[in-house]
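Look at the two complexes coming up: chain A is in both, with chain B in one and chain C in the other.
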Partner chain A sequence: MVTKVHMEALSPTMEEGQLVQWLKSEGDEISSGDILAEIETDKATMELVARGDGMLRKIFLDAGGVSVVGAVIAVIAAADEDISDIEGSSDGNGTQPALPEESSAGTEPVAPEEPGAATTPEIAADTQGAGRVKASPLARRLATEMGVDLLTIKGSGPGGRVVKRDLEGAKTAVSNAAATTTWTSGENEYEDLPTSQMRKSIAKRLVTSIGPVPTFYLTVEVDMNRVIRARESMNNMLEEDGYRISVNDIVLKAVAAALRQHPNCNAQWHDSFVRRFNAVHLGVAVAIDEGLITPVIRNAHAKGIMQIAAEVRELAGRARTKKLMPDEYTGSTFSVSNLGMFGIQEFTAIINPPEAGILAVGGIEETPVVVNGEVKVCPRMRITMSCDHRVIDGAQGARFLATLKSMLEEPTAILL
Partner chain B sequence: MATMTYREALNEALREEMDRDPDVFLMGEEVAEYDGAYKVSKGLLDVFGDQRVVDAPISELGFAGLGVGAAMAGLRPVIEFMTFNFAYLALDQIINNASKLRYMSGGQFKVPITFRGPNGPALQLGAQHSQACETYFLHAPGCKVVTPATPADAKGLLKASIRDDDPVAFMEGELLYNLKGEVPEEDDFVIPLGVADLKRVGSDVSIITHGQMVHLALQASDKLESEGIEAEVLDLRSVRPLDVDAILETVQKTNRVVYLEDSWPYAGTGAQVVSIIQEEAFDHLDAPVLRVTQADVPMPYAKNLEALAKPSVEQVLESCKKVLYR
Partner chain C sequence: MSDKKSERFDLIVVGSGPGGYVAAIRAAQLGLTAACIEKDELGGVCLNIGCIPTKALLSSALLVSEMAGAHEHGIIAKDVSFDLGPAQARSRQVAAQMAKGIAHLFKKNKVTHLRGVGRLKGRGKIELETKDGSKTIYEAKNIILATGSRPRDLPVLKIDEDRIWSSTGALMQEKAPESLFIVGAGAIGMEFADVYNAYGSKVTVVEALERILPLEDAEVSKFMERLYKKRGMKIHTGAQFKQAKTSKDGVSVTFEDRKGNEQTLDVDYVLSAVGRVPNSEDLGLDSVDAKVDERGFVLVDRHLSTNVPGLYAIGDVAGHQLLAHKASHEGVTCVEHITGHSHGMVDYDNVPNCTYCHPEVASVGLTELQAKEMGYDIEVGKFPWAAIGRAVASGHSDGFIKVIRDKQFSEILGAHIVGPHATELIGEFVIGRHLESTVEELEKAMHPHPTLSEGVAESALASLGRPIHI
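Now for the complex of A and B:
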């Protein structure tokens, strides 16, 4: 049987992919499920999996080449099968020269340029033609019920068809993950609150001024004395185990804890309703060579600082080598960007829609401060929150920042 | 429970119904003096006399038509075809008269007639005498089609067919007459038409079938069991009316189906069942529904070719494994 190898949509937003390298050569025997090539998507380097058995007869797209999603880039067939009528597909043309990396023209490097976050997981299997996942009707239904993206499932049926048993594996994986990391409290992950007429009017009018996301900024300076001491003491305790906690890890934990107290800042604008999250999924902006990406710490509110630290390290490491899976950089409810390590004192970050807020964290500076009528030198840090005014009003954002400030100035408050 | 053969069970059903209702009579070639070609009517002439157990000339169209007229006039004829291969000669009466007169008379006439006889491939009888004929009687609406696989079903379903106010093609398995089985001894054991029967309970794959193929399905299931696969065998019993609920229930349970029949694939019973499944239970399917049927050829006479043309246990095993992706 002839199986055309297509450039598949390996991320939710991928429109074209660059062939990093073929892991199989023309003439190699291929079984369904074998990894054929590495493809660089708009987000990460992903594996392209064979969806048929036979011999890799012809490669149309060389390493470094770029094809649009759906283009035929190779053919798998029996050794003696006639494949003369199959060509690299014209819409991808298969052979465009590799494009130079286009740097995003953003004025600041912190906010991710692509939404990615919190988009409804698309069942990629529903897309036609390109990147279409073969799945039995039952598997398709189960995947929808389980919230599993069929693209992430390796099909074991004929031609790579995803069948029920493949999802049983995924189910175990999902429930294992649930056991350690997910939302286990009795609450719902989020609630949808109908938009009042006033909110509608605010949204409508503000967008005519600044759009599409009417953003305002709130800055506050935080005394970091106690965070620094807490960090030292934690790192002393962890020294033997080889763990290190950064100031940013503590900031992330505090943000998650403060968002739990101010869920109206942990929300999304959906025109007819505001989706207010109980769970805090924190996007953490990570600079990589070609741009940036925001891996997500899921249920950050339910995790300890050590676990957050470990996850940030692990995800950032894989982000730099472009090995993140799509579900690892989507679904955040609020983001944090830190440029302190570059000596930046204070900046504004751009909201990553559909989130309604992002916190820009500057560096800690020794600053003269008046305390009880005396000038003292204190370690101070400036944080600036960008707020989507359709969702968050000034006073609400200010209250959230006040809570966050008090938690950082007295870290034991995070435990409350 | 009494143990008896399929043949004896049919004989009991006829005897009980003729006893119960004086309007019931049996007519066909050699049913009286000779006790029937397959001895189903053994002893009935002695009990009920030659007014109710009638030898007919070799004229299928004639005595089938006579039966239709008698049914319209208020009797309940049981017309025996020596085999259903010969019923082709009577198709005009069965399809154009018996099956349509209730509709065409606006319900003024009912046609409570039972056409019965052996059906299905036997052993080396050649293309004209070795075939499953049910599709001819299924195709046009108006005639019910019943295909019992066991002595108990044969008895209970024949009694229900005789009592039914519509024409019924009661198609006995030609290879089943000597099959022994338990039959309930209750006074009036009747199995309603249109109710399927789970002949084997399983969880991994459903073999849906009817008629004498039920036994092939059970043999295949035993082999599958030894390989750790639990097959469910659903015997439709009536292929018209069809027990759609039972079909959907087993599909929802196992998510995979093999239809087994000894008729041809083209426009066969399985084709209709598959159509219903994909329409009504699409989201429950984990694999395409496969069919195991008689090959799409006239039945060969040569023994080796005949074996290749008929559904086999091996084909059923292969199809079951295919839908299980094994």
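Now for the complex of A and C:
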């Protein structure tokens, strides 16, 4: 039996994947379940498993190549089976918005005919006389409004029909192309870097966040004197075992404990209902070379600081080498992002939907404050919470922050 | 039939409902040796105790309610009486006939029907337990789980199919009781409300959410609630069901109404229609470490593949909308993916919803509220059936068609129909959305006169602010 090897959807949001490397070569004997290749998805590097037995007869997609989910990238068959009629995807498939090619730099986008007119003008195909373009009415409409030439778009619908999703990708390619025409000097004024799978995924997530999520921000300054002291004494106790606890680990524990007291901040908006979580699964933003990822500390409310510290370190380490499994970076109920180590005093973080809140943690700074009428220098830290107003109201967010502040200013309260 | 080859198949499907039998037939069409395991009758819930027999009863109910206006057509029937018994018998006959049809299709396509309960026994292995208790292991390169779902049992309302029915019990009655209490105002609850109301039962419906048919557009729910109340049904929305006490000759039910007042009613029977749960417990999922979500639905990716190579799940047991047509679509999509024939994905945003009460309710896409919440700039067109000649001529002109259009690109974001043959007409919008038609194409395509389909064109025009007939 001939088994086509497809680019599989290895993460829930994956639309295309990059082939990192083949672990089998043409001619190798394959049994179902063998690991064929490593694929970089939008989130992590995953293994592609064989779904059939036979010989790896043909590889279509070379290492480094990108292919959409579902494309045939190799064939497994018996040594003597005829596979000549199987077409594979060698790279790119054209469905991803490729970088503007040199040749297309000079072409002008087709001007929309009477934008906003009620009728749908036949664009591209007829104006350029290059035959009929298969495109859905909605795609034609989008192309007109965006000023995109449908002939330049490769359709992903049946028989190459251009559909809405093809135009969504084309938007960025077009604006790049338009920008190219405005620069005339011989030197490269800028460099186009291909977007990684992760970058695309981040962009998509951020747009879905800043658009439909009505967000407001609450900031509070916290006296970190006692956290610093508590951390010192904990680290002294743990010195022999070789463990280290960071201020952030204590912040995470305090956030989890405070969320238990304010479950309305540990919630998600679903159109017809608000899902309020009892368990606290904390997403911890980790910066990695190509972007960021938020591994999840599950049931953080039930874990001790030492365990949280160990898990954060372990997950962050594997995040940097892109070895996280999907269930290790999904399912968080609230997130924490800390940029203190970069010298950031205060910032706002973007909510990771469907969560309703994220806490942005700044660095600890020696700050003069008035205590009982005297100016004193204290280590202060600013935390800012972004709240999805559909779930959390101002006063609720403020109460949560007040609890969190009191826990950090008196860490024994975390134990209560 | 005891050919040794039959011990190993390219594909074994567990369950022969609208997901399973369709998957098995499609697999056979594509050249796979396919078997389908079924413990009961072929056709699953849909054919035997679901979609099909309820539609038979609803057809009877429509006739019954039409008798009230029969004199307008010159039908003078004196001493008319209505008896649920023959209608129920007819609905069983319809179900049996359709189930036989599946057996015929299996034969025609050379799908092997394995009778018994199927359980996974490790990767690529299924144990079949037949009625007499004997067990056989079958091997398959691919296995599709299509075991469906069953009515949810509330702890405070244990279904016994005697006094407290699920939809199954409600289908088996030969007499309409004096009073029926229905918990849950989704499609199933409202369809049975319709049937029993027509045959003379005093029907009371309690729904926890704020409106009946809560998945539909709010305007649709409001319209249907008013209509049902006019027919004499009691409807309590935003109400909490508390308890049921069963006695020899009835059930005493208690619920808390919207205002928080406790009410107790003595009724003959209770129908529990509070949703469905997946049949995933007794499947041997542990033997392969297949993952399920917290509600028991088998987790699958966009190609219906579970986390175990060669194991797939479709239909109700795999979650999403628990609808027969969604299951069938998944069956075909899954098999075509397995064979490499194509790698389409099911478009879960374009699944039509249908309730076959009278008038019928059907919808596809976003409700008005959802579209607004997603940030679309929308224009809503609403067109009443009272302005469509064919509807008035047939005597069924209650209701409307509502179209929600994206202002900028004219995308058909959603369509909602209440009225005659709504469940047939919704197909126009499904195709329109599938082909990415804009509202303008719907309106420009010529609709025959006089037909109900003119309402589709008019509603499209209404969403553009220029209907002709209102």
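Here is the rule we use: the second predicted complex is superposed on the first by the 293 of 416 C-alpha atoms of A that agree within 3 Å, B and C clash if a C-alpha of one lies under 4 Å from a C-alpha of the other, contacts with A are read in each partner's own complex, and residues count from 1 in each chain.
Basically, contacts are C-beta pairs under 8 Å (C-beta built on N, C-alpha and C of every residue); 3 or more make two chains touch, one makes a residue touch a chain.
Remember, it's a predicted structure, so these values are computed and weren't measured experimentally.
Enquirer: On the A-aligned overlay, A:Arg141 touches which partner chain: chain B = first, chain C = second, or both, or neither?
Expert: In the superposition, A:Arg141 contacts both chain B and chain C.
Enquirer: For A:Ser156, select first, second, both or neither according to whether it touches chain B, chain C, the two together, or no partner.
Expert: first
Enquirer: Which partner does A:Asp289 contact after superposing on A: first (chain B), second (chain C), both, neither?
Expert: Once the two structures are laid over each other on A, A:Asp289 reaches no partner at all.
Enquirer: As a test of reading the superposition: which chain, chain B or chain C, is in touch with more residues of chain A?
Expert: The partner that reaches more residues of chain A in the superposed model: C.
Enquirer: Is A:Glu366 touching the first partner chain B, the second partner chain C, both, or neither of them?
Expert: Neither partner.
Enquirer: Which partner does A:Glu374 contact after superposing on A: first (chain B), second (chain C), both, neither?
Expert: Neither chain B nor chain C is touched by A:Glu374.
Enquirer: Give one of first, second, both or neither to describe whether A:Gly33 is in contact with chain B, with chain C, with both, or with none.
Expert: Only chain C; A:Gly33 stays clear of chain B.
Enquirer: Please indicate which partner A:Lys4 is in contact with in the superposed arrangement: first for chain B, second for chain C, both, or neither.
Expert: After superposition on chain A, A:Lys4 lies in contact with chain C alone.
Enquirer: Taking the superposition on A as described, I'd like to know which of chain B and chain C A:Asp85 touches: first, second, both or neither.
Expert: Neither chain B nor chain C is touched by A:Asp85.
Enquirer: On chain A, which stretch or stretches are contacted by chain B in one complex as well as by chain C in the other?
Expert: 136-139, 141, 163-164
Enquirer: Touching residues of chain B toward chain A in the complex: what are they?
Expert: 255, 282-287, 325
Enquirer: Provide the residue numbers of chain A that touch chain C in the complex, in ascending order.
Expert: Within the complex, chain A touches chain C at residues 1-4, 6, 8-9, 12, 32-33, 49, 51-52, 69-72, 118-120, 136-139, 141-142, 145, 163-164, 211-212, 271-272.
Enquirer: Can you name the residues of chain A that touch chain B in the complex?
Expert: Result: residues 136-141, 156-158, 163-165 of chain A touch chain B.
Enquirer: State the interface residues of chain C toward chain A in the complex, per the touch definition above.
Expert: Interface residues on the chain C side: 10, 141, 209, 214, 301-303, 305, 309-310, 340, 343, 369-370, 373-375, 408-411, 435-438, 440-441, 464.
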